[in-house]
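In order of appearance the chains are A, B, C and D, and numbering begins at 1 in each one.
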Amino acid sequence: MRSAFWRVLGLASCLAVANFLAPPAPAQEKDKVFKLGIVTFTSGPGAESFGTPGWNAAKRLIEAFNRGGELPAPYDKIGFGGRKVEVSVIDESGGTTKQVQELRNAFDRDNFDAIIGYISSSNCLAAAPVAEEMKKLLILFDCGTPRIFEDREYQYVFRNSSHATMDNVAIVRYLQKRKIKLATAAGINPDYAYGRDNWKDFIQSLQKVLGTKTGSELWPKFGAGQYGTEISALLQTNPSIIHTSLWGGDLQAFILQAAPRGLFKNRLVAIMAGDHVLHPLGKRMPEGVIIGARGVGGPFAKQSALNDWLVASTQKHEPGVLPSQAHYRMTQSVLGLKSAVEKAMAANGNKRPTTEQIAAALRGLEWDTPSGKIKMALGNGHQAIQANAIGVTKWDQKLNRMIVTDVEVFAAECVNPPAGIKSEDWIAQGFPGAKCD
Amino acid sequence: MSSRYAIPLLAALTLVILVVLGKLLPAWCVFLLVTAFAKGLAALGLVLIIRSGLLSFGQGLFYCAGGYGAGLFMLWGGVHDAALLVLAGGLVALVLGAVIAPLLAGYRSIFFATLTLALSMLAHGALTKADFLGGSDGLNLRPPSFIGFQPANSTESVYALYVFACILVVVFSLACRVHFNSVRGLLSLAVRDNEIRVEYLGSSVRRVISENFTAAAFLGGIGGALNAIAVAHIDPELAFWTTSGEFVFVAILSGYLSVAAVFASSIALEFIRSFSSQYFPNAWQMSLGIFMLASILFLPNGIGGLLQRRKKRMKGNKPA
Amino acid sequence: MQLASTILIDGLIDASWIFIVAVGLTLIFGVLNILNIAHGNFYAIGAYVAANAVGIYYSGSNPPMLGLLAMTGAALAAAIVLGPLLERGLLRFFYHRDEIVLVLVTYALFLILEDATKLIWGVNPYYAYEPYSLFGNVNVGRMNYVGYDFFLIGLAVFIGIVLWLGLNRTRSGKVVLAVIHDREMSSAAGVNVTKIFVIAFTIGVFLAALAGAFTAPKISVQPGLAVMVVLLSFAVVVIGGLGSIEGAAIASLIVGLSRALAIHLAPWAELFIVYLVMAMMLAVRPQGIFAPTALRKI
Amino acid sequence: MSVVLEARNLNKSFGSVVAANDINVTVNRAERLGLIGTNGAGKTTFVNIVTGYIKPDSGAITLEGRDITACEPRVITKEGVCRSFQVPQLFLTLTTAQNLAVAIGIAQGQAFSPYATIDDAMAEAIDALLERFRLGDYRDQTVSELPGGVRKLIDIAVAVTRKPKVLLLDEPTSGVAAEQKFALMDIIMSALDSDVTVLFVEHDMDIVSRYAQRVLAFYDGRIIADDLPQAVLENQTVKMHITGTAG
């Protein structure tokens, strides 16, 4: 018995000490660089559509910053305010317990100055209070749930892109603006919180604005891959519009299986986050599908020096690939952080700012990105709002790729709730305070 | 020293050492130990079932029940004391276990394993659908207090959590150790070895299995509640089959002979995972898989078997 | 009426796919007594190699129909490489261990192959869409189907019959059945169990890879495929009775039809319908529909 | 003499095989009964029916007048009918002492009190039992490492922890070398209390005639003779079908 206990304690302390001794870099070097961690899916179902594009975008951006002068002003300074940035990736797979462990390790063991990350809403929810408790800077980049800044206040946690409410509100506004009459609406959404929230936002907005009746609601399992029966059910009920928040491999499989069966003919299909499958599917993506890109990015991006840089850098490293929502949302996040660090530095007499100073600088900040201006308008200046665009897919013979036409862009204040009201209530009350040109 | 006091004394000593060790280690490491302890407690429960010759692939169900039990007790009941929360989580799992146990006690081997798996996947599905519990996104918990003590900062709260976890681990290890040595403990092994003889001695195999399963559920709930408090978040993933798979791995790696080995395995798993995430971000699952294969291959009786063998050899070498 | 026939056809299409996916798992369990969690990885690998093969095949001007053979060939090649390698190089070291330990071994294998697949093929999607349009479209009543899905029904029936005949009507098949029934006895009777194990495992891997290969035209082949099919196959194999080909066929029908029923009539239940069927089935018939019953001798 | 166990009109068939064909037996207290018959004659089936492992198609078993036919083995054991097995049913990974501890714990109703340990009283009981069955040398050895004859003894020692009224021994000397059989039976018989009713299945006629007071001869699921050992062994039908010494 005794030896057992000792041995175990020995093992534990050996492991611990080994860990303890290994990582810390010399203090001097630590001061010079800004250590940035990116948490994103590098494995599993999220890797292809959002995880890897997000990480690629961050990596290239940081590389460009470190070389300096590659991006247009105001992003032409080296690194973050002259400080080189060291960036590394952490896999988001493995569940919330693992993510909380890894976040603690990242701040406490690996001394990251800031973390940008999380695609999964449950990981965002779990990670945010940890960063807050540790008083470390965390910027959420992709997850959709509005709950994070609506449920509590944060000092150290930000989301440099909008939450998911506008993705669906914008589609409904689009239908309204284009005066499309719809008798019934059906939904096919993945059966987990993200899919359920999206459908709820969509159908409630639709009922408020157009008074459309609800048709069938289908709830395939996340990662199901087989949609034959769902497609039959949709054909059977024959709704005027089908809404979906499927994404990644699921969305591609759905489209590949639905298109040959004529699901996209004679009715509207609205894919709230559809831009990221345009490039991989190419010609197999049907025409006439209403899509959004969770912001004015991807095929909706307006010509600007910043956007030109993003497109050029993406195509240089991934020939033939056009940047999509994950690239844009990551770019937004990194640019926001850079702006905040540099603003805080200027306020601090060009000395290295503290985490608190960076957070103060980021709070309520506005900055330019390839997807337009981002404003930290909600959650006491911690939650961004941004404009959104909706359009319809069309094959462009000349460019030999799918483009979007009939685009409508909605101002950030038009499709996002104002400060102080929960998204749910905002929709339920009929969008009070919305400012649409 | 009488052998009667040897084990409690050793437990007290271990607690002191662990508590001191926690002061010396960095906070991230201490936190990793807390989560390892939480998983270890659930795996310890699984060991109880394994000792009666069965293996549950649904221990995550109780880990999840404990987590939600503690979490909802905090969010709805307004209770913030860690001890009460963990107790609540344990009791919720205990009740659930006690209800399910008699239904499962007639199943053996792979059927027992798959049925427990199916039940925990059903719970996973149900929680994913439960919008009022946050669905798949789950719920955030608030920071706990520890018998009136409210930690002021991150380091303090991690350490308080760690001391609390150490107490749980030592208390339940002690309870299990004493139980393993008891007649009832032997009866579990007897069921595993030969159910027919147990029945022909006038004892009920179903009862042994039901009790062990319920006790395992309780420990799973305690572990789950501890994890919930530590991570401050609960979601249906806790009942997913991969969570249960981890407990199975820890339990198999530790073997059924030693309580300490359960926590050693759990700690080893967490550190290996953490290291491989750090050094091989693109192949951490592979490193974990290789570690699992190697440990199954080279430690056929688990870490506990290793300890036991050493002990035996030492005993054998003693001069007569 | 239309609804009933739609549910039936959807259920059948789903069932055939499920059967192709799960039958290899039940074969491996029957012969080797391994509940193989890595089954999904073989499925994923099958999808990847088929996508590669389709990509190469259709870039030339080859007869379109024979693309199906290219997919089969790719799956076969993957199985011939992986089957013997994993059975001889890994699994056999664990045969004397408890069956639960073997489950854990395949879980480790699952983790390893998951990353290995990603390291080989990366995270970008692969497509094998050409074969999906080979059979055109079929109208049943007002409902429009893709002919390829009916081809899959045929394929499932074909695989089922070949396996059944192979096991019940050939000499070597009967030997395999004998091994399924009583491993020690057949070993004592001079059956080369080692050889049977290698062959059965390889066939199991081939069936999984084949399932992946023929699913590839309908999906985007990318990370995360494996984990999706593991639990589904488990459920089917458990419902049908571990190790029973007939059971797997019936269970696939049950699961396929209950899924179709759920999606058409109670879509909210789709998420857990499979586990519900599985739990209910286990409660009623713990050994599955078809399972050899063992009575312990004292 | 008081009747302790009675079997009336027992019938049991497995498919086309009739394993018990109208079995009628009355057993008196403290009797020593030998059960003989070829393999498949129905001896073990009889033992299995009496102890509840197999339910008869018809007929009844009564213990001291109470019907126990429908009872589970566990209940029958508690009622005082205990048994050993042809292949000893022991806890192979436990030591001899632990096997006995489990048995004693169950017998004394302590097995389910979660923290009843092997205290001094139980250790004494274990040692006494080991002494009775001359198993002292094997006390702390794991059962799986012990030879067959020793396991037979442990199997019986475990069975008597409950102080049974009726003890059924299924081939207690099978698998033991011929020259050791008598020694083994001597140990067994001397270890048993004199008021225990013992039924033992045996192939060796010398053993039967030495240790049984009465013999039941089974053939084809029926009892073809039920008498004093000498009378049964000289019965012509028995000679023809069982002992093979006829003509």
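In the analysis below, contacts are C-beta pairs under 8 Å (C-beta built on N, C-alpha and C of every residue); 3 or more make two chains touch, one makes a residue touch a chain.
Computed from a predicted model, the values in this text were never measured in an experiment.
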Contact pairs, highest-scoring chain pair: A-B
Chain closest to the middle [Cα centroid of all protein chains]: B
Mean-CA-position distance for chain C and chain B (Å): 34
Gap in Å, rounded to a whole number, between the CA centres of chain D and chain C: 50
Approximate Å spacing (C-alpha centroids) for the pair chain A, chain B: 36
Separation of mean Cα positions, chain D and chain A [Å, integer]: 74
Overlap residues in chain A, where contacts from two or more other chains coincide: 42-43, 191
Multi-chain contact residues (two or more partners), chain B: 128-129, 196, 282, 284-285
Shared-contact residues (touching 2 or more other chains) in chain D: 89
Interface residues, chain C side, partner chain A - complex: 2-3, 6, 9-11, 13-14, 17, 114-115, 118, 123-125, 127, 129, 132-133, 137, 142-146, 149, 215, 218-220, 222-225, 227-228, 259-260, 263-264, 267-268, 270-271
Parts of chain D lying in touch with chain B, wherever the complex brings them together: 51, 72-74, 77-78, 82-83, 89-94, 98-99, 101-103, 105-107, 110-118, 122, 158-159, 161-162
Footprint of chain C on chain B - complex, ascending: 55, 57, 103, 106-107, 109-111, 113-115, 117-119, 121-122, 125-126, 128-129, 196, 241, 245, 248-249, 252, 282-286, 288-290, 292-293, 296-297, 300
Residues of chain C touching chain B in the complex: 35, 90, 93-94, 97, 99-101, 103-105, 107-112, 114-116, 118-119, 231, 234-235, 238, 242, 268, 271-272, 275-276, 278-279, 282-283, 286-287, 296, 298
Interface residues, chain B side, partner chain D - complex: 178-179, 181-184, 186-187, 189-190, 192-194, 196-204, 207, 211
